[in-house]
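Next up, some structures in structure tokens.
Paired with subunit B in one complex and with subunit C in the other, subunit A is shared by the two complexes that follow.
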Partner chain A sequence: MNSGVWEEVGCAKLWNEWCRTSDSVHGLSPTEAYCVFYRLKSNPAVFLCQCSCYVAEDQQYQWLEKVFGSCPKKNVQVTVLTCRHTTDYKSSEPAGSLPSPFLKALKTQNFKDPVCCSLLEQPNFVHDLPAAVLSYCQVWQLPAILYLCYTDVMKLDLLTVEAFKPVLSSRSLKGLAKNIPQSTETLKKLTAANEVQSNIYT
Partner chain B sequence: MASRYDRAITVFSPDGHLFQVEYAQEAVKKGSTAVAIRGTNIVVLGVEKKSVAKLQDERTVRKICALDDHVCMAFAGLTADARVIINRAQVACQSHKLTVEDSVTVEYITRFIATLKQKYTQSNGRRPFGISALIVGFDDDGIPRLYQTDPSGTYHAWKANAIGRSAKTVREFLEKNYTEHAISDDNEAIKLAIRALLEAVQSGVKNIELAIIRRNQPLKMFSAKEIELQVIEIEKEKEEAEKKKSKKTV
Partner chain C sequence: MSKIGYFYTDCLVPMVGNNPYATAEENSAELSINAEVYSLPSRKLVALQLRSIFIKYKSSSFCEKLLSWVKSSSFAKVIVLSSSHSYQRNDLQLRSTPFRYLLTPCMQKSVRNKIKSLNWQEMEKTPCIPEMSDSDYCVRIPGGGITRALYKESCSKEIQMAVLLKFVSEGDNVPDALGLVEYLNEWLQMIKPQSDDPAPSTLLWKIPSSWKLLFGSGLPPALF
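For the complex of A and B:
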């Protein structure tokens, strides 16, 4: 997000028991905020929200109202990207045979574009804020799609990020995706910073 | 429902699962990829090295270990569990040599390791070992062997196999590319192992470690330079294959 392509346009700070720090003394500052909103400089109609905190159930409605309440309900398309551990995925296939990581999608009724992976089957369901966003879009008849990546690592890694690559070919994001030859190298650098230096597993 | 049977592994669940053993197999997936190929005259072990912290001595982070002069293994999973198993296996190899004056067969030491793992799935208060191992070597009769063990204590002979993080992807690659021609030549077998690893290794050539055993020869660990040379050859072959393909379509 520091590449200069995105500009920060807002942030949402909230507190619940799952937040690790609570700072009531200092004022709201973007670096401490938990949900940061960016706008694409080259295309001001594109907004991105990076949510790195847990939004509790009783805070979700207010969060949605604040974010979506004032924006026009026409010509809006929402894409949600989220992750879950493969052990949460329930299927009749044995866990070992699932290709990990893999992508599943869930969409609202008004989303008519082709989906770039299979839909999430029952009895699996989406949790937390991503589910709230999708439900909100369904109620307000906004076209929205959620891409859920089932992965077997708890931290960000290259394989998980690459699992989202098919999403870049979808109609809504195609215009934003740049085909940079060194994209893999850039991704490697970004995920290397997160690599767990733990020696528990070899 | 499952949680009632997770605590003590000596208890089966109503549908016959030993959940702790299955969870141990998840721990194996947290380890980086290891691949093994049994050629006609060579056995190859390739692993993806984990990136080492700046101040850490690289030599102490090893995924490939020799159990005896003619047997070596690669593992994926919990490092500490692997250390315990390797120590016991190395002692067993020497004990066998001293007792019967013969080196262990690859199957013997695999069975030893698998039996040890199985004991820990049936003892009260113990958890299973969280590692899978690929054991390769040559027996006295000159036949190359490759075995794989898993946390449940089962072991099977394989022609080629992979364990760890992207094992499924690598195994599918091996199923497509393991041919009699590929394994008849030592160099081709080495290249097949590297190509299989490159399917899964995200960090590139620098994070690959390779070991081979040839008939009647000790274990040889490849240096980074040697691996790089192999990769250059592989890239060349890939380019030539693509050129041929494009010529055909034109």
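For the complex of A and C:
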């Protein structure tokens, strides 16, 4: 997000029992959490929200009212990207046999563009903030799509991020991504920062 | 029944999924949310389906909003389908049918004869404070969520409400749901039996796809 292409235009601060940062000196400490909003410099009509905290169920409705309340309901399209663990996915196939990571989608009635993967089939469903956003968009008849990546890792890794690549060729997002051959290398550098720095053998 | 709208509030935990009542490829991609309204105009029926639990401290707010909607929409009658913990039954309840009904006073006047003809069992009043031997008696619905609150409010607001409930245990409640809708059907006759056979018409009810895999995914063969 600090590539110079996006400018930070706002944030939503919240606190709940899940907001903790790990501090090597003080251990886990309570802290405020943020959802940061960015705007694309080359096209100010494009906003991005990076939510790196858990928005609790009793905060979701207010979050939506604050974020969507003042934005016009016409000519708006929403795309939500999120992840879940593969153990959350129910299918008649045993959990370990599914080729992970894989992408599933849910869309509102007014979303008419082609979808980049198969739809999330019953009995699977989505909850938390992505569900709150999609519910809002469905009720207010906004075109919206949720891309959900089922992955079997707990931290960001290259495979999981690459699972979202088909989404970058969708009508709404293709203008945003540079199709560069080095994209895999760039992704590797970004995900390496999250790798475990030490293990029990060092 | 077809979907006619949503009951959008901040009182229920948000969730979304694809249409659990899909009958064909075309309608399987319709998004469903946590509280939706369905209707069947030919039977003058409207159903409110709740799919998630209440957010903490929001259940009474939900009751208010729901009853306010009932009043403003001028529904003739409201029927609440609910349940109560089977382990809380007293000795008499253990020995009788697991189904019970409750009617608000104004509802009793209009449907008393019909209910009498069905030979149904009214929900008994039990001690308000079970531990106290001289406690007053009142209607208690342990495990019934907002049922009692809805019933009490409807009594005081003179809303024509009936509660139909079944004593159930935790676990696979699919047979309980089918039993409860059969109980409702005895009264409303939404599905008429095919012949004069009094056997339950459970085969006529469709099972929604959201009831698949209630106890998780398929088992890994390596387990065995």
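Note that in this section the second predicted complex is superposed on the first by the 183 of 202 C-alpha atoms of A that agree within 3 Å, B and C clash if a C-alpha of one lies under 4 Å from a C-alpha of the other, contacts with A are read in each partner's own complex, and residues count from 1 in each chain.
One rule holds in what follows: a residue touches a chain if its C-beta (ideal position, glycine included) is under 8 Å from a C-beta of that chain, and two chains touch if they have at least 3 such contacts.
What you are looking at is a predicted structure, and each value in this text was computed from that prediction instead of being measured.
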Touched partner set for A:58, first subunit B, second subunit C, both or neither: second
First, second, both or neither for A:158, with subunit B first and subunit C second: first
First (subunit B), second (subunit C), both or neither touched by A:120: second
Partner chain(s) touched by A:12 [first = subunit B, second = subunit C, both, neither]: neither
First (subunit B), second (subunit C), both or neither touched by A:99: first
Which superposed partner A:148 touches (first subunit B, second subunit C, both, neither): neither
Subunit A: partner with more touched residues, subunit B or subunit C: C
Contacts on subunit A seen with subunit B and repeated with subunit C across the two complexes: 95-97
List of subunit B residues in touch with subunit A within their complex: 22, 25-27, 29-32, 50-51, 53, 61, 63, 75-80, 82, 165-166, 168-169, 202-203
Complex contact set, residues of subunit A against subunit B: 87, 95-97, 99-100, 152-153, 157-159, 188, 192, 195, 197, 199-202
Complex contact set, residues of subunit C against subunit A: 6, 8, 10, 13-20, 22, 28-31, 33-34, 52, 55-56, 58, 208-214, 216-222
Complex contact set, residues of subunit A against subunit C: 57-58, 60-62, 89-97, 106-109, 119-128, 131-132, 134-135, 138-139, 146
